[in-house]
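Next up: the structures, one after another.
Both of the next two complexes hold chain A, though its partner changes from chain B to chain C.
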Partner chain A sequence: MSHPFTIVHPGTGSDATPVTPRNVPVHGGPISVSAAAVEAQFPGAVSRVVVARGETTVIVSAARVHEIIQWLHDEPAQSYEYLSDVTAVEFRDLSQPLEVVWHLRSLRFRRFIRVKVQIVKGQKLEVPSVWDIYKGADWLERECYDMFGIKFAGHPDLRRILLWEQYKEGFPLRKDFPLRGRFSRSEQLKNALSANPESRYSMEELSIADAFEDLPADMRKRLSGGEKTGE
Partner chain B sequence: MANRTVEVELSTTGMGPDGKPQRVPLFVGGDAGVSVAAPPAMEPELEGEHMLINIGPQHPATHGVLRLVLELDGETVVRCIPHVGYLHCGFEKIGEYRQYNQIIPWTDREDYLNSIGNNVAFALGAERLFGIDITERCTVLRVMAAELSRIASHLVWMGTTCIDIGAFTPFLWSFQERENVYNLLEGWVGARLTTSATRVGGMAADIPDKWIDGLKGFISTFPKTIDECERMLTKNAIWVGRTVGLGVMSPDEAINYGLSGPLLRASGVAYDVRKDFPYLDYETYDFDVPVGSAGDVYDRFLVRVEEMRQSIRILDQAVKRLPDGPVNIDDPRVILPPKHKATSEMESMIHHFKNVMEGPRPPIGECYVAVESPKGEKGYYMVSDGTSKPVRWRIRPPSYVNLSAIPKMVEGHLLSDVIAINASIDIVMGEIDR
Partner chain C sequence: MGLNGAEFAGHGPATEMVHMDARPGESWVTTKLDFLVNWGRANSLWPMPFGTACCAIEFMASAASKYDLARFGMERMAFSPRQSDVLICAGRVPFKLAPIIRRIWQQMPQPKWCISMGACASTGGMFDNYAVVQGIDTIIPVDVYVPGCPPRPEGLIYGIMMLQKKIMNERNAQAGIRDEMSPDPISKLYIPASRIDELSEPFGNSVHQTRSAP
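Up next is the complex of A and B:
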């Protein structure tokens, strides 16, 4: 059997054997070496470093987060080549800033770091996309946009993913969104039935086969009326 | 497309003129196996005319309500546009209105083939948030739960993928074996699918008497079933021909796309959360991480089969080391008192009341705890503001991220291979749509 790929072994950059964390302190713990490296590399961009429950959080400015994540990815001494998650947090105390969170892993050094951007209330909800660094960010950013309304500048195809494209009630994971939705039950039902997402194609998809003319009349009317994918 | 040679057994095509079964090697080119040829070129008059095909959301081969819109050139996929979200129920939103122990039933329902594994993962995350260290016995019990559910999930994967590709018998065998796993789980927690087995700081119940004997029986008989399934599939010319060289992801691509679990390991990256970021004392168990070398559907199959064997090894060691002692930690602030005490002692009744009505309160802060679920790296990110309900409960769904690479995987393959590639990702729509 031929072996087209060289096997990649994580942890080649560190000698330490990983162990199950025990007695993890709620506050404090060992700080990740990457935090100091980021602070040294980007003076002024890091507003705070928090260490809690054994995890290091680097809070950076929105303007430079792309640069910092790019550096963490490319720099051989950091080599954060794996993006675990992109998500956001809004607090119940609505005066607290909304946070966008990136969870990065370095397979080579077996490290984990959390990069965070705080968006003060009232500011534009926009952060740079890391899709050009990690292709895996595609759907994670789309979901974050879908749930929180945060725009990821530079994402190639930022539209709703879990909710259907004509969803009108807003962004469900925001704290001002009530648990049962904004609309009345009857209105929700009406919207859901008229959305008909199972037989819906975007104009982009219809351009594949010049299938527009074959559609039912009501759908043709809807699409030619300027209905688009996304917001 | 990878030019890969795999040893296959000769297949029987029928009776020869001499009355004996005629044996013909099933391969195209090469000397001892199947090599995958590039799809034939299009007929010239049809070139350039593309076709739109819609698969799903109600389609038996999409493993749930997944919808794929495909652009085809002849039978070759040019572009794939996946649509998800038909099963979205807002788990994360509901979690913000529930106490930590009340979220555990929701974790059953996201990745419902691995429900007890999700319970374990969520409890680990909540315990990190609370700053709790669980007991030795609970650790070993949770390892057993997680590995049993990994076996059950891989069995469902193997069975359904066989159905998709056209083999029926391994489906029956693997579902029969999965039944044994579910019988064990039923004997332990009373439920088969929606287990809700863990609590913050312990388990809902200790294992009953003689349960370990049932587990030992399963450990001794299960490897035989894997061998049988492997005999049906691993060198089967049809299986090999339909899986080799499909959906290839190189190691760099797989890491960049955020793939995890058997998909990533089949691509030759030996990343396993149990080894690299261990939890539940996995570093003390002796097991191997199977790694593929070609990153195709066939390698994903081999990796999953080997993972089941390794799970059996872990279960075997867990049975041997299971210590006596309490399952739950001794902390009345998070653990419910026993019922007889709650009805007879004043203090226990107050603890019971506080725990049920208010719920345990973790300190302010956040944590991200990832485990190796059968699908990959499953993470729970929880943020607490000091109240008994999380501000944010985020699921990092492995199959969601894995599925996002499907346009890349199916590009250039035939329409029928889309089904095999989609099956190889092992998606659970409950987890993807949440």
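Up next is the complex of A and C:
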């Protein structure tokens, strides 16, 4: 049986054979070659490079993060073809900036790099979407928007994904969000129960669905009339 | 209490504990008919499993061969609410699921019962947060609460036996036996939150937590 790729058996390959990293320092250590390459390619865009537990974090400016990730994806010497995660961090110290984090992985070179953008408190929570580079960013960015309220400019369908679309209480992972929510329990229950589960599909999903023709006539009429569902 | 097969083999649950003697104003025929109907219902409860979390694992263990819910006439899991008798809510219910579990309950035909299995379904449990319903009894009426996190299969079976005892004691001629106090905010039976707080003790893991207020 022929394989479309070369199988590397443990102990027989080159230096690239995967091994479990041992004795990794908490801070410091070798900087990823990609970080230096980004710094060389985009002078002035990288504000800081941090190495923690063997993983390199590149803190870049929000204006240029899209082209940096595009370059990391397209450049054959980098080849970060897999986006593991898009998330954000808000610190309990409210003077610290909020961070948006992209985890990129290069399957070809077995490399990992973390790209961060810092948004100073009070600034508009908006960063460019990487959906045009990685289609898998769609739901990751929606989740990040759902939990933190960060707008991803250029995302095709930015709406809540975990909470229901009519959720009015805010963004739960922000530090100013009380654990029990902003509304009273009875208000929360009333809001939740007043939602009609069947009307909670997005118009985009319904209108492109194969079964659109099979939808009830009144629903088709409402959707073609431009009505927003789930309101 | 020991729950082995031998103890329950051959006779229905707790039938000997039920006294269906005619109360004043009741006839012998209706009580015997009630007994028969209740016996049939109690021993062929078809569960609608609504498993959302780890309690569902214990529920599956209860249904599997070691604990064997089939001994109680519950071997037939009805994954359609329209063919089920008892809704077993096993696990936490987030607010996003609240309208769905209510719809499932509304789709179940009468007579129907509900078992709230575990701490989360009964009170919200440790999830005292913005996303989780603080007890499914704020959405649908509950007959039996099974405590535990999660309850062991013995606990669930004990709750089921309590429900069977409750069914055996039902009088079907009684008016209003199937009426529901719906907590639906638009229904006339809706009790405002202030009234619920006035009537209920603080609950949950905080003395400041009330049934309705944050």
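Quick notes on this one:
Keep this in mind: the second predicted complex is superposed on the first by the 183 of 231 C-alpha atoms of A that agree within 3 Å, B and C clash if a C-alpha of one lies under 4 Å from a C-alpha of the other, contacts with A are read in each partner's own complex, and residues count from 1 in each chain.
Operating definition for what follows: contacts are C-beta pairs under 8 Å (C-beta built on N, C-alpha and C of every residue); 3 or more make two chains touch, one makes a residue touch a chain.
Bear in mind that the values here come from a model prediction, so they are computed numbers and not experimental data.
Legend: residue contacts after superposition of the two complexes on their common chain; A:190 is shown touching chain C, with no touch to chain B. Contact with chain B, but none with chain C, is seen for A:22 once the two complexes are overlaid on the shared chain. Contact with both chain B and chain C is seen for A:172 once the two complexes are overlaid on the shared chain. By the touch criterion defined above, A:163 lies against chain B and chain C together after alignment on the C-alpha atoms of chain A.
Looking at the superposition, the partner that touches the larger set of chain A residues, chain B or chain C, turns out to be B. Applying the stated contact rule after C-alpha superposition, one finds that A:45 touches neither chain B nor chain C.
Taken together, the two structures place residues 162-164, 172, 177, 179, 197 of chain A in contact with chain B in one case and with chain C in the other. Those residues of chain B whose C-beta lies close enough to touch chain A in the complex are 2-7, 50-52, 54, 57-58, 67, 69, 71, 79, 81, 83-86, 88, 90, 92-94, 97, 128-129, 131, 133, 250-251, 253, 255-259, 267-271, 275-283, 291, 293-295, 363, 365-368, 370, 377, 379, 381, 383, 385, 387, 391-392, 394, 396, 400-401, 403-405, 408, 433-434.
Residues 1-11, 17-27, 52-53, 55, 57, 81-85, 87, 89-93, 101, 103, 107, 110, 112, 114, 134-140, 143, 147, 160-164, 172-173, 177, 179, 197-198, 201, 204-206, 208-209, 211 of chain A touch chain B in their complex. If you check the complex, the residues on chain C that touch chain A are 95-96, 98-100, 102-103, 128-131, 133-134, 138-139, 183-185, 192-193, 196, 211-214. Those residues of chain A that touch chain C in the shared complex are 162-164, 169, 172, 177-181, 183-186, 188-197.
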